[in-house]
Every structure is written in structure tokens, then in C-alpha cells.
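The following pair of complexes shares a single chain, chain A, combined with chain B in the former and chain C in the latter.
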Partner chain A sequence: MKAIVIEPLARVEGHGGITVELEGDSIAAVRFDVFEGARLLESLVRGKRYDEVAPVLSRICSICSAAHCLTSLKATEKAFEVTVSPQTERLRDLLFLGENIESHALHLFLLALPDYLNAPSAIALAADRPELVQLGLRLKRLGNLIQETIGGRAIHPVNAVPGGFGKAPSTEQLTGLRTALLEGAKGSSAVVDIMASLPETDFCRANTVYAALNSPNQDSYYAGDKVVVFADGERTAVPAADYRTLTNEEPAPHSHAKHSSFRGKPFMVGSLARLTVNMRWLTAKLAIAAERLRLHLPSDSPMDNNKAQALELIGDLERALAVVEQLLDDGIEDERPVPVQPRAGTGTAITEAPRGLLIHSYTYDAEGTLVSADVITPTALNAASMETHFRRLVEQCPERTDGVLAQRLEMLARAYDPCISCSVHLMRKR
Partner chain B sequence: MKPILVVGLGNPLMGDDGVGCAVAECLVRDPRLPEWADVIAGGSDLLRYAGLMEGRRLVVVLDAIQDEAAPGTVATLDENAAGLEMRQEHAHHISALQAMRLLSMTIPADFLLLAISIASAGIGTDLSSRVRDRLPAIVEKVLGEIEYLGAGKLQCS
Partner chain C sequence: MSKPTVGIFGLTGCAGDQLVILNCEDRLLELASLIDVRDFLMATSANDTGCPLDIALVEGAVLSNRDAEWLQKIRQRARILVALGTCAVWGGVAAMDSGADRSQLLREIYGEIGLGYDSIAAQALDQSVKVDLKITGCPIEEKHFLAAIANLLNGDPPVYPAYPVCTECRMAENNCLLIERGEICCGPITAAGCNARCPEWGVPCVGCRGPASDANPSSFLAAFEERGIAREAVAGRLKTFAPRGVQS
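Moving on to the complex of A and B:
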């Protein structure tokens, strides 16, 4: 028996990683484990008042803090039947766009690109191709600037509160943001050029089920209460309140994250799923870029998630600019948050975090104290799909040497953009 | 713009992992903090604060380290610190040291890491008693470093 083990996929010692066991030419086992901090953090908010929940849960992840914060607020508002203003919806959408730009720039330029260009790390890539890393850092900063302007600070948005925003951005701030976005949009063509120049990585082909938010506002990451599952050309809608019929979580003996499947099949969430479910909304510019990247939807290659992120990155820059211009045209109102009247009930919110579907479901008592919370992250939803795709990769790999398999498995894991910066991040001295 | 920026890193939901943040929060409230230093309590992604580093002469990063030193020990490390994760040890994460190296490519400031040894990192909003008891001493030590480093930087200008 030969085993290939890739451990350092998790930030928590002893958790996470890929194990492949080979017996001659047969595959004895393929196991994927990911540490799921979010689930354990649910206990920290039980017993908290409704306005204390989002500030705690936004700290689940530094990269996805806006998504956790806004999904938390959306769930709380649903439980109390609060409807926020159109301006709030627009500002929240913009906050999501900023986070997506930041997250995709980080993932594509600092984590995925080194693989394609045979660099062992972002540091090594920076030495050889500084212009690539600098472009990634510039785009990431632009995403941060959006979040800072709308959320009130670089991380864990303080302006976003139940019912709306404690403080709306000023016209001056939005004008500054528009200038920065106009400048940043100049990097869009370079993103396509760079991604189009990379070698193809079609080492895992698989018929894949995709799931993504079906938003009423084109491809909004925030608005919407329905998930669409795309399988073999068929679309099935699942209302947010029925999310358990989508996830069907089952414990997996070897995994800290439960495994999700829809009608018995694992499904993939994230950029590639979003584009697949919402492909009819691709703009002409993005359709041309997709052609240049040789991305054909629906795709049978999970590695195409990197291309999908590149398309979203350039699309989000345009969309963020459009939202800012709309806010400036309409004039920003200094409106107060909608008053919140606590009541006993359950609220479920589903949004699109950078890595895919994010679910927060809360039950409150009549005083507005949180009784129970269920938080399901995209990385947890993807766990079963990742394991299936790792198996396909091994099956399709003609040269099963440790080095080749390990490199491909790591690249595929990275293409899923798993959120392992959740929880601890500390340094270790060995 | 103040010439020195201090960034406390960590996740306050993960016990001692959040010690950098906890120390930053203490510094913000401490009357001994030099007037030429700004302090922010951040999350776990140093790159996110790039915009706040523009125009600074020195960026001091406070972060947790799991090593053999007694909990609460503060060590000064530069971006080339031996024995630490400079290579892409984790498949999908940029460490604070790697982030410092990347940031130094685009921001003309000096970067320094003050690594705070911890006892444990697990789910929970409290620091371990071993680190919590040492918090005043850690803040004292960090303040001393900021005073010394900052004074040097201001003299050089």
C-alpha cells in the first residue's frame, strides 16, 4: 500500500489535508478533511442579544468578514421580518463586491498563479514576476478600499447594523471611491491577458453539480432567497428556508466538516457555480473574456474555478463602479436604520461569499436573544465535491508518482479556494 | 500621518491566537503610547491594512507565535526570521512574515514583527490565564520596543 498525504491544508495542527491510498494500480481510498471552525463558533453566540451576533460572527474569517457580517444581519432581519431600504441593499451589495474583489485578487495572484508559473510561493513569484504580484496587491487594496469606505473600517464592518447602516458613506467618500475604481479598472485587461497566457490544467474532468444563489438582481452576491442547483442541464430551485433539503449534511468519519449532497450527489459552490447558474447574465465583455480564457459553461473541469474567479474579478470592478455611480446620481441619504422589533422566530439567509454559498440560520426568543445558530460555510459545502474530484484526478492521472499526484492535488485544492484562513493564523516555530 | 503604525493581528475567537489584537487594544487605551504612533487591532490578514501603511516609516506587527518560549515572551523578528514559515508551508494561506515581505515590495516602510509566545489556541473568546496574567508585562515590553524603534526612526529623519 502506498499513501500520498498532503497535510498542510489546514491552519489547525492535525486537522485537514488529503490522503490518497494506492494498492498497485487501484485506488484504495481518497479522503479529504477540512477543519471547520465556523461550526464550533456557533456556541459563542448562543444567548447573545440580536445586535451582538453579527460583530462576533464576522470574526470567523478575516477574508470573508463582510460576508459573515451581512449574512448574519440578513438572517436576523428575516427572523424579525425587517425590510431594509433600497439604499441599504445597494450599499450591502457594494460591500460584497469589495470583498469579492479583495478575495479573488489574493487567491488568483498570490496563491494560484505561483502553481501555474512553477514558483514555489508568492514570494518566489514576486522575485521573478514582480508586476504580477504588484497587480494582485493593487486590486486587493481596491477591494479593501471599498470595504473601508462602506463598512467603516478595513475589517469587520462596524457601519453595518441590524436594519441598515449606522453611518452611510459621504458623497465625498463615494467620489473618491469612483476615482479609485476608474483607475483600478485599467487592470482588468491585464487580468484577462495573464490568465489567458497560463497553461491549461485539464487534469480532472468530471460531470459536476453546481449550486449558487439565484438573485433577482442579476448576479448580486447579497440579494435573493433561492438557491438553484444545476445538474445535467436541469435547474432545481431550493428556497433559503429549506436549506437543509439542499445540504443534507451527513457526518463523514474522516472529516471534521460534515459532507453535503443534493439528491445523493455532492455539489460545487463558488465562482464557477455562480457563472454556471447565472450564465445568462454574462455581459458581452465577460463573454468575450470567457472565450479568451477558453472557459465554456457548463464546465467539466473544477480547475476552471480559477478562470471563473478572473471573470468575476473584472466583472465586479465594473459592477462596483456602476453601483457607486448610481449612488452618486441618486444622492446618498443620511437615513437611520429601520427600527428592529425583536420577536420569537427563525430566519435563514443565504448569500454568495467569495468562496460560494454561505448560510446563516438563527432562532431567537421573544426578547431577541439567540437560541440557536447554524452557520454553513462554502468550504464545508464543497468538502464532499472536493473529495470526489480528488478521486477523479487520481483515476485520470497517467503518471501516479508522488510528485505529480501531490502537485496536481494541491492545485485542485487551491482552485476550490478553501477558506482555511478561518480560525487560527498563528506562526509556528519548528 | 503618524510615522509609526502598529498592527495587532489575531482572531479573538480563538483564544491566545488573538493576543496581538488584545495587546493592540490595550495600547490604544494606554496613555503612555507615543503620540507619533497609530495602533489598529486587526484580523489575521496583514495585507488588508496596506492602505493604512502608505506614508509610514515603520510598521510594527504584533502576532502570536507557538514556540518553546514561555507564554508572554516577546521576540523581535525581521522578515527573514530563521525557522519560521517563509516558504509556502500551508497550501492556501499567506503568513504574516510572507505578507511583510510582499508589502515591502510596494510600500517604502520598514517592517518589524513582535512575536508573542502563546500557551494555546482553541475556540474561545478569552486568552489563556498564562497569557492573560502576562498581558501588562507584554504591553510594557511592546511599548518599550515602540519607543526605542520609533525614536530611532524619528532621529534618522
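Moving on to the complex of A and C:
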């Protein structure tokens, strides 16, 4: 027997690896290994008062900290039946967009692109292609500027609290953001040019099931209460409260990664899933860009997640600008958070973190003390799909030399944009 | 002079302090020209995992035997070891279980299979190795990181404030959230350096930077008790990010 072991996996968040065991021509085992220590935050946060929960659980992950924070607040507010103001909803949407821009710029330019251009890192890449790395850093900065302006900090936002925001951004801050976004949008066409110039990575074809948040009335990473699963052209809605039907399997010893499935099939979450489930998000401009990138939905290539991220990156710059302009047109209110009155109950919130579906589900007692917390992260949901796609990749690789296989496996793992700190929070006792 | 060799490492944590480094967008390429980054798993796939290092920057807490062994190796390689962030300096949020039965916690979350995981109670770096410089914060402040690198390049040790967030907050002339709104604000006891970020946004300090060295926790607790806020409620908050820094 022969094993291909990639450990540790570089240029991803956290500590993981890939193991493929071959017996002659057949594949004996394929594993996505997770070596991240278990922090047990869902247990530790029990007994905390409701306003202490988001600051602790945002620490699950830095790259998705705004998503964890806002999903936490959404779950708490649902448990207490609190309705936030329309301005708060918009600001939260904007904070999500800022995080998505930052995360996608980081992933595409600093983590994924070096593979396509045969460089070990973006810093090495900058020697030959400084304009490319600088564009990525500029867009990343813009995402962070949004997060700083709305959330008060680029990582682990401080300004988002139960019921709203500590302080609304000022008109001057929003005007500054508008100027920066108008300037930044000029980089959009360069993003498409760069992505279109990359070599095709057509080495994993698979009939894939996709799952994403469905926002009924708007295109939002934040609003909405149901997941839509897209399988073989069919769409099935799963309400937030039934989220366990998507996450109902046992933990695995090798990965701290419970394997999620929908009707027995692994599913993929993230940018590609979002665009597949919500095809109307593709504006005319994005549809042209998709054509240039040879991205056809529904896609049978998980590597296309990189292209989908590029589309979201440029689309989100426009969406963020639209939100800022709407806030400026309506006039920003200097409002305080709406009062939060604890009550005993359970709240489940589903949102779209940069890497895909994120679920926080909490139960509180009548005093507003947390009784239990369940957090399901996108990388956890993706673990089973990743392993299935690794297997397809090996099956479809004509030349099974270690170097070729390892390089392709690493590129596919990175295309999923795994966040392994997050993934540790995926296994749950049933 | 040759460029100092640097390694950037993340033990168990959220990778937020490494992300702060990558968030130095405007300075990143300049920074990369001043130091020789040899080992940085999150950002590059060409790593020398055995070379001696002038500076090792380590974030995260020790939460597994794998972390503990890795930290020993890093210490052996490094001339200067810098603890980056509250987890590395104090243990961070994962350390708030001090005293809890770890097998029980593992069983609750992961079921019986969890008992087989490589998992130990969270430890700050200085509980097992010598730490030459501590930069606290959850995450660290970008300005502190850049200043530390500049200082280390010049051979001077950087100095961080010993006073609490409360001092910064007063200097910024913010309304006091404790006195005026009766909110549990950890500013009087938490290490300054964030320019009182949370109170600036009208939100009470959660203590994410760990305790200030010249703060007085008992008078702080007494001030809360005078306002009818239970000692346990305050102590619980103080222990969230840096339980080791809080006396019962």
C-alpha cells in the first residue's frame, strides 16, 4: 500500500492535512485530517449572560469573526424575539459584505493564486507580479475599512451588540467609505482579467449537491431563515429550526469533523453554492464576468469555487456601495440598540459566512443565561464533500505520481478555502 | 547586516494575530523586505521548519500535546520568542475552564470519541517556555506589532502601557459606562493600548487584552458592589479572556 500524506497543509487557516491511501489502482482511504486543538468554547460559554456570548464565540475564528459575531447576535435576538431596526439590518449586511470582500481578497490573492502561478506565496509572487499582489492587498484593505467603520475593528468586531450597534457610523465616515468603494471598484475589471488569465484547473469533475442560505426578499448574507439545497436541478428548502437534518452524522476519529449530508449525500457550501442556489445574484455585469471565466452554473467542478469567489468579490464591492448610498440617502440615525428583554427560549440563526453556511443555535433561561450553544461552521459542513471530491480527483488523475497528485489535492483543498479553526467546532454528540 | 530570520506560528487559536500581520496591507511588502520570513505556514508553502530563527512570533495557546511539542521546538530554534495575543500571553478564552473536568467537556461536545482526542487544558506560552516579549490583545493591535518589529530590528525592547483602558478612556473624555449607565465595563482593570476602543463605540470593555499590571482588582470589584452588581458577575467577565491574571 502507498500513502500520500500532505501534512501540514500550508496557506490555509489552521492546522490540517490530507491523507490518500492507494492499494494498486484502487483508493483504500481518503481523509481530510484536522490537527487543531479543541477549545470547547460551546461548553465554556454556557452560564454566560446573553451579552457576553457573541464576544466569546466570535473568537472561534478571526477570518470569519464578523459572521460569527452577527450570527450569534441573530440567534440570541431570535431566542428573545427581538426585532432590530431596519438601519441595524442594513449595517449588519454591510459588515458581512466587508468581511466577505476581505476574506475573498485574502484567499484568492494571498492563498490560492500562488498555486496557479507556481509561487510558494504571495510575497514570492510579488517579486514578479507586484501589481497583482498589490491589487489583492488593496481590495483586502477595502474590506477591512468597511469592517472597521461599521464593526469598530477589522477582526472581532466590538460595535455589534444585542439589539443593534453601540454607535452608528457618522455621515462623514459613510461618505469616506463611499469614496473608497468608488475608487476600489476600479479594480473590478482587473480581478476578472487576472482570473481569466489563469490556467484551467479541470481536474475534479463531480456531480455536486450545493446548500446555501436563501434570503427571500433581498440578496443578503445575513437575512433569511432557510437553507436551500440544490441537488440534480431540484431545490429543497430546510427551515433554520430543522438544521439538524443537515448535520446529523457521527464524529470521525481522524478529523474532529462530523460528516454532514443531505439525504445521504455530502453537500458543498460557500461562494459556488451561493451563486448556484441564488442565481439571480448574477447581475448582467457578473454574468459577463462568469462567461469570461468559463463558469457555468450549476458547475461540476469544485475548483470553480475560486471563480465564484472572484465574482462575489466584485459583486460585493457594488453591493456594499449600494448599501452605503442607501444609508446616506435615508440619513443615518444616531440610534441606540433596541432594548433586549431576556426570556426562556431557543433561537437558531443561519447566515452565510465567507466560506458558506454558518449556524448558531442557543437556548437561554428566563434570566438570559445561556443554557446551551450549538455552532456548525462551513468548513465542518464541507468536510464530507471535500473528502468525496478528493476521491474523485484521485480517480480522475491519469498520472498518479506523488507530486502531481499532491499539488492537485492541495489546490482543491484551498479552493474550498477551509478554515480549520472553525472546523473543530463541527462535531457534535448525537 | 543580514536580515533577521523570522518564523510566524499559530498554536491553537483563531489565527487572529497572524491575520493582523496579513492585515498590514499597506506595509506588508515593505515589511517582507526588512525581515527574512523562513517559516509561516499560513502564508507560504515553502517553509524551512528547522532553521535557527532570530525572532519567533507565536500566537495561540497550548491546547494539545502536539502544540506543546511544537512550542518546545520553536523555543529551541529561536533567539527571541514573542507571544502574540491574549491566548499566547494569558491562555485566552479557551482557558476560562480552569478547573473544569476536561474529559467531561470533551464528552459533552464530541461524545465518547472525544476522549481519544489529543486535548489538554489551555496554557499560556510562558507556562512551559521562556517568553522574551509579550504583545497582548485579542487580537493584537497592528501598531504594537509594527512597533515591536521596528524595535527588535533596532535592538530596543518595546514598552507597552502598564495602566488600564480606563485611563485611555478618561483621556478621550468618554462618558463613563460604569458610572452613567451602570454597565459592567472591564476598563478599570484591563491593559490599555487599544485607545479604549469599546467604550469609544459606546460598548463596555470585555477585558480582551487581559489585566493591566498596575490595576487594582479589589477596589474595582468593590466599586461594582456599591452599585449593586454582583461580585460573581464581574469576576466571571474578568476571567473570560485571562483567568490566570485574576485573583479570586
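Operating definition for what follows: the second predicted complex is superposed on the first by the 405 of 430 C-alpha atoms of A that agree within 3 Å, B and C clash if a C-alpha of one lies under 4 Å from a C-alpha of the other, contacts with A are read in each partner's own complex, and residues count from 1 in each chain.
In this text, a contact is a pair of C-beta atoms (placed from the backbone, for glycine too) under 8 Å apart; a residue touches a chain by one contact, two chains touch by 3 or more.
Bear in mind that the values here come from a model prediction, so they are computed numbers and not experimental data.
Using the contact criterion defined above for the overlaid structures, shared-chain residue A:Glu148 touches chain B, although it does not reach chain C. In the superposed pair of complexes, A:Ile6 makes contact with chain B only, with no contact to chain C. Between chain B and chain C, it is C that contacts the larger number of residues in chain A. In the superposition on chain A, contact of A:Asn159 is made with chain C only, not with chain B. Looking at the shared chain after the overlay, A:Ala67 reaches neither chain B nor chain C. In the superposed model, A:Ala122 makes contact with both chain B and chain C. Residue contacts after overlaying the shared chain place A:Leu137 against chain B and chain C alike.
When the two structures are aligned on the shared chain, A:Ala413 is found in touch with chain B, with no touch to chain C. Common to the chain B and chain C interfaces on chain A are residues 8, 10-11, 37, 40-41, 43-44, 56, 59-60, 62-63, 65, 106, 110-111, 114, 120-123, 126, 130, 133-134, 137-138, 140-141, 144, 154-156, 410, 421, 427-430. Interface residues of chain B, counted against chain A in their complex, comprise 9-14, 16-17, 40, 42-45, 47-52, 63-68, 83-98, 101-103, 105-106, 115, 118, 121, 123-125. Note for the complex: chain C touches chain A at residues 10-16, 19-20, 22-23, 25-26, 28-29, 32, 37, 40-47, 61-64, 66-67, 92-94, 96-97, 100, 105-111, 113-114, 116-119, 122, 138-139, 197-198, 200-203, 206, 208, 233, 236-237, 240. Chain A meets chain C in the complex at residues 8, 10-15, 35-44, 47-49, 52, 55-56, 59-63, 65, 106, 110-111, 114, 120-124, 126, 130, 133-134, 137-138, 140-141, 144, 152-156, 158-159, 161, 165-167, 250-251, 253, 256, 336, 410, 421, 427-430. Residues of chain A touching chain B in their complex: 6, 8-11, 37, 40-41, 43-44, 56, 59-60, 62-63, 65, 102, 106, 110-111, 114, 120-123, 126, 130, 133-134, 137-138, 140-141, 144-145, 148, 154-156, 410, 413-414, 417-418, 420-421, 423-430.
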